[in-house]
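Okay, got some structures for you below.
Okay, so chain A shows up in both of these, paired with chain B first and chain C after.
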Partner chain A sequence: MSVASEDFILDTIPQRIEPSSKRGTRRMNVSLIAGFAIIGLLLVAGIVAGFHPPYDPYATGDDPFAAPSAAHWLGTDNLGRDFASRLILSLRTDVLLSLSTCLLAALFGAVIGLTAGYFGGIWDAVSMRVVDGVLAIPGILIALLIRVILGAGSWQLVLAMAVIYTPMMARVMRAPALQLRTREYVAAARIAGIPSWRTVSTHILFNSLSPMLVQAASIASNAVAMEAALSYLGQGIQPPQPSAGRMVFEYQMYMQTDPLLVIAPTVLIVLLSFGWNLIADGFQTYFSLSESDRL
Partner chain B sequence: MTDRGVTGDERDDAGGVTLRIPALARYCAARVGSSIVELFVLSLIVFLAIRLIPGDPAAGFFSANQSPTAEQIAQIHAKLGLDKPWYVQYWVWLAGVLHGDFGESITTPFPVGAQIAQRFPYSLELALMATLFALIIGIPFGLISGAKKGRVADVIIRGLSFVLISLPPFLVAIALLLWNSRTAKYRLIGVISFAENPLGNLQLMALPALILGLGFGAYVSRYTRSSLVDDLERPYVRTLRAIGTSDRQIAVISMRNALIPVTTVVAVELASLIGGTVIIEQVFSIPGMGSFLIESIKRSDYPSVQGAIFVIGAVYVVLNLLVDLLYPLIDPRVKVVNA
Partner chain C sequence: MTNDERRATETTETTRTSPILSVDHVSKRFRIAAERYLTAVNDVSLTVSTGETLGIVGESGCGKSTLAKMIVGLERPDVGEILVNGRPVRGSAGRHRGEGGVQIVFQDPQGSLDPHFRVGASVGEPLLAAGLGRAEIQTRVAEALRMVELDADAARHYPHQFSGGQRQRIAIARALAARPELIVLDEPTSALDVSVQAGVLNILLDLQNRTGTSYLFISHDLSVVAHMSHRVAVIDRGSIVETAPAERIFSDPQHPYTKALVDAIPRI
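Now for the complex of A and B:
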């Protein structure tokens, strides 16, 4: 899925710096609350329960395809493994993957984008050409190419997704840096002899946080979908480690007889992707001065 | 995808036409030129990436308990052309690709080029049909949503499009297949050759294309809406309103302006559409480029992987170029910049 366009991101940058002028318009909105509720809940469930699942998610049992019961809340899978425990573990995998992708992309993207916008010159020209080059290749091809070279697995997947999403963040972060570097306070900082790395990492960064947050949430949502797709294709998370996309792939041959095995991970992926998207949408509304139309 | 080279915002003082034929020609030449560079870089990346894979292709010529001498290995390297420097190998490969020769598959008896030729039409059909569905669904809903900004219809359409954007298409597909298997039990999987049964081919391709088109259409709808809302705020609309033009008439006039930028969203969404076809082909067992790529990766058939990635990437570059070249034709007001 695509990301929020650069044009609207420009709209979210505060045009004036006086805090009083817009604090009043920043209200929590339904999207933001709902998004945080969904992601927060899944995060807590995944991380807390993921380390203490009710059963060993890898332990096979002698009762395959058991119906949900008091002992096994969601029944068991084709190998008699407790399905609820596997689902919880896959939730942890998915939450951690989307979070780490999002953090890596935010970190590298912010560094590249802010420095390119602030310093300009050759660095700007070169880095932005590379960014455009990566953006010009469909993300899934990059992911599959990296998978072919490095093999399949969790860290390879995070690396591949970071490569795909860093350019999006870099593009988004360059715009505010370009705009902010002409501000008086930046000139003042320069005159005061503050080193430029400090100006960039404090003034420019903190005044660019709003588009960064919108983009980061959007990247997390995309990463959930990308991970699910790659694992579904058998090219992402490798067995026996469960991930929601991988489970849809593994269990789809049993979906006639035991549809819950496919429905539950599907719901999980949709909830995660939807939750992150709600947060992106909520941040957008939260930081906008007016109700801006957006893509 | 950014810096498209053409922008609708730059008008001269009279607000009129600034695109002259030489500028247009220059623009087209520049766009074609940069596409050729993109294709070149793509081929280089694909070629070098495959070479980064650890292991020696000569290993495939010996069984596990054989211990070949250095001479034997050198002989095989010479046979495969691996004794030459990488740029010579690249050149040989590229020259072959330009003649439609993608080399031999190492796990199937068919040349890579022939397999691609067989599978390519299905993927192209799927992508084109999905785009068609996206436009048919997205444009009307986007226009209604924009014309009735803030009203119930707008809220419903925006909500729906938001949900559709968050839904990975392959999950929608699996849910529909599951539902179908319990109720109607139609045949939904596989393909029928267009040459043998055109109607059957289109019928079977319709569902995967529709599923891909839904998410894409949601973007088109959002974009159309915001474009119409922007256009309705322009001064000429105020003038029309002042002279007593009805809202309905204004909407009809503004609609034409609002639809121009929709070309952009089609270009921007091409990448995710191509990603979508790779996955949806797998769900519906469509023997297209995507499933060829995935099968080849699973079999470690590197010449095939190389060919598949290059062709899918090249299609993307070419489609992008076509959209860019169409842009000045669709919107004659655009001014060419950086050409």
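Now for the complex of A and C:
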């Protein structure tokens, strides 16, 4: 099959699902816009400040527990490190961790779920029992197991969370595939001689995008909380690299005297999780509107 | 020459070329429970010649659609053989290299076009599978759309921007784009308003005149089938009970079931 002919199909596949003009587009999707604004802003702030932090987030100073000032916006921590710089760096870590977890889980979950639903049979039975099995184990236990086997670190954490969330995505993606495989346009594709992998990656995938995006965003939100929990337990991001959960753990003993050290990373976790949830919610609204316009 | 005249003259021709479709003693049953089977198609044999329309008529659940699915290769017969132009219809994958073979037009134009595919992508899909190049696909998509009296510009739009009748014409264009020898029309007008049914039927007749494609026209509506077909096969509970030239089905039905069907046509 030539590359050119593939381009033709790709050109004619919509790059995004367009709601028709009547109602959907004119009403602002506040959740989606706010969600993307929060996550986008935090990501940009994290990346920009990662290259140009106000201070070196790892450099200790001789002024521990300094109050917020013009020089140190959020003061300094127990070792005299600039707290704002550390918070911004942990921001980048957390956004990237949740993003890569959600991408990995979406990729593997979609492949497993869509093929299980589409092909059915033994593959469906086996993969769905494995999914059931993984879902039955508490996520934090899986993460700890992987941490014991592979050691602690960022990529191990992403891998562990991908293992935890892939089954959720697979379960969600199986349902539309099961439903779509009986559609006549899928039958027409089979008659036309379109190979199964292409049918799954075009007809089935494109018509399953709405549950997929909603689920991916809510996985990202869960991953933020999971990362915070694991880092709080000391099993996630390792010192000296800052992460929000890790900071709550490190600074909790100074909570009485310097509550900002705990409050700020907590607010960060909530904000990130909230941002991803807004995106999930926004996707849901967006797709239900465009779907109803189609009818 | 009107369509009816054409039909009349063609049915009087005695010499026909070798059949495009031959269905030979085909049966198919489905398991509905342990040790209980439903025989959907029971020992059906039929042939369709080049440029001919064979009508298949029978009530809902008589096995018409199962027969159609077997002919296009979506289902496998338990017993018997189906040959399209002398070649067996296997499994599902395509081996019609951009020309020939069987295509199908489904009943519901709502479900037969992917809502996320532009019309051009849907119509061009069989050609893409056949390994044709981009330019050729575009030319043939435009040509197929013109044949069903749609603008070539329609290729850039989405199915929901079209009416039911237009969508069914797009589905016909998809079948045509692959230049098949046989098109299975599975209740192609049942889901359409009466006002647009005639338009779609006339396009089908016109296309057959121009391209010589054979049709297997499946419907529960005897009057539509008789209008479209040269010969009509009547199916009752999975078996063909009578096959006759279209006009004779009306004037001289032989089988009691056919008589009942003819009597059931409302007359004004």
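In this section, the second predicted complex is superposed on the first by the 260 of 295 C-alpha atoms of A that agree within 3 Å, B and C clash if a C-alpha of one lies under 4 Å from a C-alpha of the other, contacts with A are read in each partner's own complex, and residues count from 1 in each chain.
The rule is short, and it goes like this: a contact is a pair of C-beta atoms (placed from the backbone, for glycine too) under 8 Å apart; a residue touches a chain by one contact, two chains touch by 3 or more.
On a predicted model such as this, the values are computed, not experimentally measured, just so you know.
Q: Looking at the overlay, does A:P53 come into contact with chain B only (first), chain C only (second), both, or neither?
A: neither
Q: Residues of chain A touched by chain B versus by chain C: which partner has the larger set?
A: B
Q: Output check: A:R190 vs chain B and chain C. Expected answer is one of first, second, both, neither. What do you get?
A: Second partner only, chain C.
Q: With both complexes overlaid on chain A, does A:F206 touch chain B (first), chain C (second), both or neither?
A: Once the two structures are laid over each other on A, A:F206 reaches chain C alone.
Q: So, A:A229: does it touch chain B (first), chain C (second), both, or neither?
A: First partner only, chain B.
Q: Applying the document's definition of touch, where does A:G120 land relative to chain B and chain C: first, second, both, or neither?
A: Once the two structures are laid over each other on A, A:G120 reaches no partner at all.
Q: Common interface residues of chain A with chain B and chain C?
A: Residues common to the chain A contacts of chain C and of chain B are 1-2, 5-6, 293-294, listed in rising order.
Q: For the complex, which residues does chain A have touching chain B?
A: Touch list, chain A to chain B: 1-2, 5-6, 132-133, 135-141, 144-145, 147-149, 171, 221, 225, 228-229, 232-235, 248, 252, 255-256, 259, 262-263, 266, 269-270, 273-274, 277, 281, 293-295.
Q: So in the complex, the part of chain C that touches chain A is made up of which residues?
A: Listed in rising order, the residues are 72-74, 92-96, 102-104, 106, 108, 111-118, 120-122, 124-135, 137-138, 155-156, 158, 160-161, 171, 174, 178.
Q: Could you list, by residue number, the parts of chain B that touch chain A in their complex?
A: Chain B residues touching chain A: 1-3, 38, 41-42, 45-46, 49-50, 52-53, 162-163, 165-168, 170-171, 174-175, 178, 181-182, 215, 219, 222-223, 225-226, 229-230, 265, 268-269, 271-272, 274-275, 278-279, 282, 293-294, 297-298, 302, 305, 309, 312-313, 316-317, 320.
Q: Which of the residues in chain A end up touching chain C in this complex?
A: Per the touch definition, chain A meets chain C at residues 1-2, 4-9, 12-14, 17-18, 20, 183-185, 187-195, 202-203, 206-207, 293-294.
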